[in-house]
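First chain written, first letter: the chains are A, B, C, D, E and F, and each begins at residue 1.
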Amino acid sequence: MILIVDLLMLLLVIVLAIASIMVKDLLESTVLFAGFSFMMAVIWVEMNSVDVAFTEAAVGAGVSTILLVAAIACTKRYEEEK
Amino acid sequence: MVLELIFTKYNYIIYITLMTIGFYGMIGKRNLIKKLIGMSIFQYSIFLFYVSAADVSGGTAPILLKEPAVYVNPLPHVLILTAIVVAVSTLAVGLSLAIRIYREFGTLDEDKILELSK
Amino acid sequence: MITDHLPILLIVIGFFGAFFTPIIGMIRKELCSPWATFITMLQFLISLLLLYNVITAGNISYWLGGWQPPWGIEYAVDILNAFVLVIVAGVCFSVSIYSRKSLGLEVPGKEMPLYTLYILLSTGMLGIVVTGDIFNLYVFLEIASLAAYALIALGDRQSRMASFNYMIMGTISASFILMGIGYLYVMTGSLNMADLSRLIPALYGSPVLLVAIAMLVVGLSIKTALFPLHTWLPDAYTHAPSAISALLAGTFTKVGIYALIRVMFTVISPSYVIETVPVMSMLTWLAAIGILAGSVLAIAQYDIKRMLAYSSVSQIGYIILGVGLANNIAMTGGILHILSHSLMKVGLFMVAGAIIYRTGIKNIYQLKGMGKKMPYTMGAFVVGALSMIGIPPTIGFASKFYLAWGALEAGNWVFVVVILLSSLLTAVYFWRIFENVYFGVHETEEIKKDEAPLSMLLPIIAFAVLILLAGLFASLPIEVIKIWVTGVLP
Amino acid sequence: METITSFNPGLAILVSLFGALMILVFSKRPNIRDGVSVLAGIIKFGIVASMIPVVMSGKLIELKLWDVLPNLPIMFRVDAFGLLFGLIASFLWIFTTFYSIGYMRTLKEHAQTRFFFCFAIALSSAIGIAFSANLFTLFIFFEILTISTYPLVVHIETPEAMKAGRKYLLYLLTSGVFLLFSIIAVYHYTGTTDFAFGGIIAGKGIPKNILILLFVTFMIGSAKAAFMPLHSWLPSAMIAPTPVSALLHAVAVVKAGVFTATRIILYIFGIDVMSETGLALAMAYVVAFTIIVASLFALMQDNLKKRLAYSTISQLSYIILGVAMLTPAGITGGMMHILNHAFMKITLFFCAGAFIVASGKEKISEMNGIAKQMPFTMIAFSIGALGMAGTPITAGFISKWYLLIASMEISQIPLLLVLLASSLLNVAYFFPIIINAFFKKPDRVLSYKEAPLFMLVPLLLTALISIIIGIMPDKPLALIAIAVQNLIGGT
Amino acid sequence: MRRYLAILSCIIFWAILVYGVSDLPALGDPEAPANKHVAPRYVEGSYKESGVPNIVTAILANYRGYDTLGETTVIFTAGITVMVLIRRKEK
Amino acid sequence: MKAAPVSNDIILRTGASIMVPVILLWGLYVLIHGAIGPGGGFQAGVILAAGFILYTTAFGLKEAKKILSVKLLMVIASTGLFIYAGVGMLAIIFGGNFLEYGVIPIGRTPAEASKYGIEMVELGIGLTVMSIMLSIFYDIALKEKGE
């Protein structure tokens, strides 16, 4: 049973990763990336590495997202079409 | 054989897939910030590898308990803590480079920048 | 005794130097550059002492935190480390003298962060070289890389994009290295190099080991700019501030090569990477292609720094070729070429920087009359270029001699031809500059002597003299290298 | 054999290096600068000459400096052959210096400091080549010679000069690479690069095909000797100022090439190996071909310096031919021809330069009646030309005599014929010049006079010496006899 | 064009890595070498030698404290980098 | 989308003035708690930085810089690292190897000395991480006119 949950979470992570690479709106992409980070943290808790998960939640979902949002605010929101 | 691989080592397959996604983001995307997101995914996939390799079935988190217990391997966690910090540092550097490039060229599209800088 | 702590002092001095620089910069900006010079000088002196100690008293092992390896981190210094340490620290020291004026012009008003990063880069590279722990290597690689990205991005308008691309490549490389380390760790449970080398033979034949080797080789090859993975290098070196190009050309790629040698020959055994899985011989072929391709591409350039950058690609090929042939002689030649290429390329980049400092000229066809305008600088350039071509009695000749001999020893005639042919190609691209610099100026044009400032000239001249001296007394470094090589190769 | 350690060989090289430094220092004061040049030349010759008695008594002078690479030291050893070359080079440097002072000042050439500086370096390396005790040392000086003569070749800095310079470099650097390869190979197979009487290759078990390959690369490596088909840099290099041509052709570069080739044939491969493999004979025929073809080329040139250049190519091959015949007479003739050709050819080039300075003429067809205006120069020229053709009482006769004897000894009639035919060809391309100069009426009135004394005296002296050698060849022959004795006795 | 090349190289990359998986220890295997060689000592010694019950902290700050110093320096480097790249003069 | 949105919204400001001290306290707790539970210097540093970032978003960059100016941040960052490396050097001075906490004469046993050493080191990390994160945020969020 736990295996199924595990696998589902991992699949979700993959979906989030693909989505954050694919969407054209960078802000959306950033939000998806934050979700990716957060899911990653959850997986790590499940794998018994609380310290890493904690750091990941703070750094990956927190600081990284803030930085990305701030950077996008300074630049352009949309990926340019060719 | 293949099934066994999937059921006992699916973590590796997942991490490789994530890594490939990140890799694609880095080399296949033209937007600099997209590249950076790809880069982060690429790095995170490696962290997933380390952490999953540290896992011991039936183990508990590596914080000492009063009664004896099986702990998961703490060393990869430490390494990954270090690596996460490195990753976020790299991301910050990359973003600052991207912002600087945007200030100078007014775009974040790699091809356009290369054209403009000729 | 404080001398017991030399390996760690080498790094900690750099750390303290870097942490203090912002504070010094707040007091007086002008003090940052002398401070960097002072710190790198200390590091240089310590590395010299280390080399001396290693030669006289044998290998040094320093346990950080007092923890016995493999539980703690170990600093392991043998002759190869110490040799590369001296090169890296020496280059950092001399370029720091040079950079005061050069960077003062090219990157004005940013002394504080600039020299902080400078010291961090130097310390990071020294840390990579001195460590005996494979994960520690990764950490220091990142310190050095981040500092390098930043320093490159301080150049001209295109430098930011060059730096960005370098960062993408560098991150791929670092991640690959991290993954290789992870594979090795997962299969052995250890991170200490010496310990790994004991445990790895049990894995022979396993695909995991193969993938780990592949990851490490690809990752380090990107850092070294081995031929098909060199794409970041020309842009980065062209657009970076001159002093930084000089510094990176002389040190960072060499550190990558050092790491490659260390991983391949110390962590994984020579016999495995040469005979069982011919990784090294594949690398030699890439290197051989790179030697020729780099030279040909260098001929096609007209920007002096870009030309030197492509020439670096070619010269790096020499080193890898020598190391990959893996016989006593070729290996000695390859490692000697680390020294000689550092001396030559740093000297040449410094000259290019001096020209840009005085005149702003980058195009080699506009250098007419420079021989009269900056006679000493150009004299040093001639020495460096002749050494690149391999004219005796320069150090470049010594290493080429050993490389060609090593290739012959290996019975590989193709490589002999490649090595010798490439020195002719090198002559082609340097001779264009000679012709422009020294000839074709008529008496009617009065050219005023306008030499580079002393703080730039001094390191330039020092490097030219060193190239000659090292060339004349090449048996000294060769004897030192040989001790290590014979210890590693059967 | 007894060897003496002495600093003299090193000193002889250092003198001109130091001289070069002084030339740079005094670049702003031409008189002192040129004085330094002359002084360095005289001191250098003095040092080289001081070694004659030692060598004549059958001893060797050795000087081992330090190991540049492990087991590959910079080492000098003065034997009779080396001393011969050293003597020629240092002696003629004095003349060339005087001559170039005259030449450069009359023509008010630019960059005179660079000229004299490079000249001094080139001479140092020529002496270095002469005294080298091993291939490694020789190679170092060989490359320095290439680099230091390049600025001399392109001295006038016109586009054609630069082009010629590129060709010069292409040939000589490429040959340097081949030489380097051969040296490495020799070192690889034998573990030494020392010159030894009788060679170092014999008995090392090197397969024959590698041996032949090595010989070929060695000979390409000594392309400075300008034998066909690697000769074409030499006529191109004629774009250089005449003193340079004189130095290149009579003394330093080409002789260094020939000297190297000889060293390789006799002291690396050794007489035995050369004759067993048949390489010697093959070589002899290649150079015989060169002798004839180069002479034919010479006939077709109208530019005097170019004609002299092709003549040089042909004459140099005499030397190799003599050596390749491997008999005492042949070797004697070959070595003797180094000396003879040096004096005769430098005379001819000095004369050509004098024509340019005094009259501005370079073409043979413009030189009708020139002897009226410049009688001394023309007489000297005639002496040189006669010598080239091998006329008795000139120096050229002696060497040709030995060569003829040698060709009969090894009963190679074709070679004999080649030698004779070449003498005739020499006559054919030199005598019209002389006859036209003396007897033809000039097209219009000529108004120039002899070249300045600085130039005239040296060329007369060299002409005189080439006659003296012709009459009294015993001193140089004695020196050569020692060299030959060592070689033959050593086997 | 570029996209297809990128996808192609990704597929190759994926395949190479998956090839290496077969020998890796299974997920959660307590007998994996990584969990046997060095790690047990940390678990045992953490409290005795470092005085802290959190093993990760013990390793991070004590056994491999030097790595952590390096890593903090990485952050420092990043801070300086961002500063030098995009900070503007304040009025 | 504006960078570092300077909001006059009263709710945000009030919320922030309540939240910020709580976050900072939590950060300190994580810092100290690092030895026995999950947490430590990094996490604490990041949380502390997040607190200040919240403050900055609510009250504006100018206000924030009055409390923690850019220069001060740099000094704090240096100090943090200095503490870390200094503890290492202290060990050398007391005759051990670099970072060998056990030889430093604090506490009764080497283990206890290690504990204090670790706490010091974590403090150093926390200070550095916090100030650098904040500094990076200031730099990236700084709008064109330095608002």
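We take it that a residue touches a chain if its C-beta (ideal position, glycine included) is under 8 Å from a C-beta of that chain, and two chains touch if they have at least 3 such contacts.
As the structure is a prediction and not an experimental result, all values here were calculated from the model.
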{"item": "Chain hops separating subunit F from subunit A, counting only touching neighbours", "value": "1"}
{"item": "Chain whose Cα centroid lies at the greatest distance from that of subunit F", "value": "D"}
{"item": "Chain occupying the middle, per Cα centroid", "value": "C"}
{"item": "Result of counting contacting C-beta pairs for B-E and E-F, higher pair", "value": "B-E"}
{"item": "Identity of the chain that, by mean CA position, is farthest from subunit C", "value": "D"}
{"item": "Geometric centre distance via CA averages, subunit D-subunit A, whole Å", "value": "79"}
{"item": "Whole-Å gap separating subunit C and subunit E, where each centre is the average of the chain's CA atoms", "value": "26"}
{"item": "Whole-Å gap separating subunit C and subunit F, where each centre is the average of the chain's CA atoms", "value": "36"}
{"item": "Per-residue multi-chain contacts in subunit E, two or more chains", "value": "17, 22, 24-25, 32, 34-35, 38-39, 42, 47, 53-54, 56-57, 60, 62, 64-79, 81-83, 85-86"}
{"item": "In subunit F, residues with contacts to at least two other chains", "value": "36-38, 40, 42, 77, 81, 85, 88, 98-99, 101-102, 129, 133, 136, 139-140"}
{"item": "Subunit E residues within the subunit C interface of the complex", "value": "16-17, 19-20, 22-25, 32-39, 41-42, 62-67, 69-71, 73-74, 76-78, 80-81, 83-85"}
{"item": "Touch list for subunit C against partner subunit D, complex", "value": "386, 389-393, 398, 401-402, 404-405, 408-409, 416, 420-421, 423-424, 427, 431, 435, 438-443, 471-475, 478-479, 482"}
{"item": "Subunit E contact footprint on subunit F (complex, rising order)", "value": "34-38, 40-41, 70, 77, 80-81, 84-85, 88, 98-99, 101-102, 107, 109-115, 117-118, 121-122, 124-125, 128-129, 131-133, 135-136, 139-140, 142, 146"}
{"item": "Complex interface listing, subunit C residues touching subunit B", "value": "135, 138-139, 142, 146, 149-150, 153, 157-158, 160-161, 163-164, 167-168, 171-172, 174-175, 178-179, 182, 185-186, 191"}
{"item": "Contact footprint of subunit E on subunit B as seen in their complex", "value": "5, 8-13, 16-17, 19-20, 23-24, 27-28, 52-59, 62-64, 70-71, 73-79, 81-82, 85-86, 88-90, 92-93, 95-97, 99-100, 103"}
